[in-house]
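Per-chain residue numbering starts at 1, and chain names A, B, C and D are given in the order in which the chains are listed.
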Amino acid sequence: MDPKSPQPWRNRLHEIIYEADTPKGKVFDVVLLFFILLSVVLVALESVPSINSSYKDFFHWAEWCITILFSVEYLLRIIAVKKPWRYITSFYGIIDLLSTLPKYVAIFFTGTQSLIALRALRLLRVFRILKLTRYIGESNTLVRALVASRAKILVFMFGVLILCIIFGTIMYLIESDASGFTSIPRSIYWCIVTLTTVGYGDIAPTTNLGQFIAAIIMILGYGIIAVPTGIVTAEFADQNRNLDTNTQACPECMNDQHKDEAVFCHACGARLNHE
Amino acid sequence: MDPKSPQPWRNRLHEIIYEADTPKGKVFDVVLLFFILLSVVLVALESVPSINSSYKDFFHWAEWCITILFSVEYLLRIIAVKKPWRYITSFYGIIDLLSTLPKYVAIFFTGTQSLIALRALRLLRVFRILKLTRYIGESNTLVRALVASRAKILVFMFGVLILCIIFGTIMYLIESDASGFTSIPRSIYWCIVTLTTVGYGDIAPTTNLGQFIAAIIMILGYGIIAVPTGIVTAEFADQNRNLDTNTQACPECMNDQHKDEAVFCHACGARLNHE
Amino acid sequence: MDPKSPQPWRNRLHEIIYEADTPKGKVFDVVLLFFILLSVVLVALESVPSINSSYKDFFHWAEWCITILFSVEYLLRIIAVKKPWRYITSFYGIIDLLSTLPKYVAIFFTGTQSLIALRALRLLRVFRILKLTRYIGESNTLVRALVASRAKILVFMFGVLILCIIFGTIMYLIESDASGFTSIPRSIYWCIVTLTTVGYGDIAPTTNLGQFIAAIIMILGYGIIAVPTGIVTAEFADQNRNLDTNTQACPECMNDQHKDEAVFCHACGARLNHE
Amino acid sequence: MDPKSPQPWRNRLHEIIYEADTPKGKVFDVVLLFFILLSVVLVALESVPSINSSYKDFFHWAEWCITILFSVEYLLRIIAVKKPWRYITSFYGIIDLLSTLPKYVAIFFTGTQSLIALRALRLLRVFRILKLTRYIGESNTLVRALVASRAKILVFMFGVLILCIIFGTIMYLIESDASGFTSIPRSIYWCIVTLTTVGYGDIAPTTNLGQFIAAIIMILGYGIIAVPTGIVTAEFADQNRNLDTNTQACPECMNDQHKDEAVFCHACGARLNHE
């Protein structure tokens, strides 16, 4: 923050809106989160026919208030940042625009009104505000474990998809006369529903052979759920183990993997160098 | 237990009702548990129309017996404890009241009768009585592992909820014409049903795009079930590993929790006594 | 096997029927398993109306053949064993009787015929025959891990049941007007269906509050499936780890946890005593 | 690749088609994968009645193009390889034939057309092409963990099947009057649907006893999903732990796989060189 900057108010604005470390920034983020939650709850309640018919006017005004508030916030964000285009074309920038624009467009064109529900995407900002809280360490561990096992999980999901396409196609050949399996994409959809053990029952095999293959798919799905679980668990176990021991080696015997609170080497009794 | 207490019978009552270490306290807890189970079974059976119509009188008397029994127990609990209000306003105190009051109120007002089913909440007392048994160690391990991973699980459930709100809103926009997705809250409900792989099938997407997004939600739900599993498993594995550290204390500094292979104390460098 | 036993044929019979280590015993067990499987397949096929109507005579004769065969086996088992009552009153003895008796009784009384399907219980004998195969080690590991975590799993299942009773009762109060929740036992059944993420959809909440609580139960069920998984996994991991390192300590530095193939201590270089 | 081979073009063809290490081989594999994906998408879209009726001609020609392309590839594969019969009778050889033949046969006989959907099986070739990518390490870990736990998983699935047969038979006896449980095989199918927590709801118990046993099956299924998970997770954890052993070889005996903290070689007792 250069005090000789020509626009100190802009710097302060940037501090409040984009930074979460200063007290004012924290307050701004919490207030923003409150209004995002409020807007999501309002949109959700408005979609319930019985509630909407009773409080039509209230929803009308409340939504305009929030739309204007979010519009102001959007404009302030553009003003405060040095490279506005970077913000506007960023993921959050597009979401922020989408959460206000449909309301204005709906004045001229009907039908775009319902797109305002996309405001729910603003909830993703919560993950940024989460950084404020004491849960930051926990969520970091979660994210790190997921990132570390990302490649394995992608290979697994890819394999599951191939399996679903193959089994879905086979089921289409077997069950094509039955009511549910009207096309291969729908058969693949059914196969995903079955393999993931969701099992709606809107499409279900009725022939003997179809039920036999469905049983195989189910047992397969029941068994291979172990794979992502195994991947992530092994990653978590790794991270827990690494947290317990530090990487510093004993100056005498080179033994590492001492406990964090260790003062002396547990193998040769020499004093450890502590930072 | 001061023998010179002005009310020794009250102390003895407290010992019987609130403590589970003395023989009499154990007997009281087991008898109480029996009557709680009996009352839950009675309420459950009474709710079955065919059984209720045949044994209406029996249920009537049995319920009054149990209600009076529980009322006496409630009064004794108030008498026995030194700070009655603390018990009355405690969680168990409110449940205890709720399990007797509706019966009395039902004499004057109809309709409150069914609230007697809240008696089932008294079953939570089982967890206290569990402490009596040889399973205490096991349940402690369970509870400790869950407590240790509480923060991680909360962050995870919070993320799942955000996901469900966002996907539920999107599905409402896509599927609003179909029968099931009548409002955003209902769409979010469907999303939870799908993501947790429950899959009732009372609400199910019918459009192609809806089924495509549903398939993504399912595979997501199938994959991220690995996260809580990984969290809890790593915690259990940790607790099992802590069993690997031996309980022997250092002869110099009394520090325990050395690794099994440790030769020297990791806190003061003294040689450990090995068996 | 005393050669001077008064009934050497009885000893040999016992060897063939009850022991699985001798060649003849192995042959007997495999032949028996084949006939058990055959009988189960026959009973299953007979229950299919379309197949039964076409091959009624074949099933009639095949079933009598197998019944007589199993009866002969049952009598031989009684003769061969020294304490017949112990066998007759044992779990397998009762199952063996139940798999033949209904057929004879059905000559005089109709209606008992279908009980012959209990023959499927004889499949449990497979687990004994499994001991013959190279899978014995694997199934032992499985069984050992399950036995070691038995107490924890029991506590967990007990907790799940209590949860289901409480939530089932609450849902009965909320949803009693809806079609599915006709009694508390049925509500508890629904709660188990939901918590275990099975989700038939034959009973499903329709009120807003009911769906809200159902969502909580689902997320709970989705989360606490981690608990048995964590228990069993930690047990498996323990057993795998123990297999890798032997418990023998180094004669010089007392370090244990050497790898199985280790010849020298990895901490001080002394030669290990190998058995 | 012997340069003096009488048919150098055949060697080069073999290099392009069967090997994935050379630049040309890589290009061929990627192009082939593209056409396999295209053919699967075409077959899937063609099965959708509304799309098929609009673009009937396009699908007709596109399919003939791909069929001819695949036929040429099939012939080239036969020419390029030294032992053609070995390829023709191999798993991939039969799939490759099945993905072209039905189209030709359909000229003379109607009805075989739909078998062209078996082309989806060619997607299995993806797993071979996966070797090209940076994911090879990840998929190897996955495969190795699954192979290592294969025997345990087989024993488990075998046990699950026995359980399903027994419970299915029992449910047939209890629920035979209800609509869904019309035969034992169908009851076993229902039992698999329930135990794997899929739960379609097309067959669901309606009697009290049936629902009680169904509840037991569900809790069982909810609990024993822990077993495959535990097996695979322990295997993954093992493989991650093996990464803890460093790759440095002993200067004396070349033995690697020492523990990270090892100071002396555990095979010959020589001091290890530490970085």
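Just so we're on the same page, a residue touches a chain if its C-beta (ideal position, glycine included) is under 8 Å from a C-beta of that chain, and two chains touch if they have at least 3 such contacts.
Note that the coordinates shown come from a computational prediction; the quantities given were computed from them, not determined experimentally.
Under the contact definition, chain A and chain B share the contacting chains C, D.
Compared with chain A, the chain whose C-alpha mean position is the greatest distance off is C.
Among the pairs C-D and B-D, the greater number of C-beta contacts is found at C-D. The interface in A-C, B-D or A-B that matches A-D, meaning over half of the contact pairs are the same by residue number, belongs to A-B.
Comparing the contact residues of chain B and chain C by number shows a mostly separate set, under half of all numbers used being common to the two copies. Annotation: 41 Å between the Cα-based centres of chain B and chain D. Computed centre separation for the pair chain C/chain D is 29 angstrom, with centres defined by C-alpha atoms.
Annotation for chain A: residues touching 2 or more other chains are 156, 185, 188, 197-201, 221, 225, 229, 231, 233, 235, 237, 255, 267. Those residues of chain A whose C-beta lies close enough to touch chain D in the complex are 151-152, 154-156, 158-159, 162, 165-166, 169-170, 172-173, 176, 182-185, 188, 194, 197-201, 204, 208, 211-212, 214-215, 218-219, 221-223, 225-227, 229-231, 233-235, 237-238, 253-257, 267.
Chain contact summary for the complex, chain D toward chain A: residues 40, 43-45, 47-49, 114-115, 117-118, 120-121, 123-124, 126-127, 130, 135, 138-139, 141-142, 145-146, 153, 156-157, 160-161, 185-186, 188-189, 192-193, 195-202, 221, 225, 228-233, 235-237, 239-240, 260-261, 263, 274. The touching residues of chain C, when paired with chain A in their complex, are 197-201, 229, 233, 237, 255, 267.
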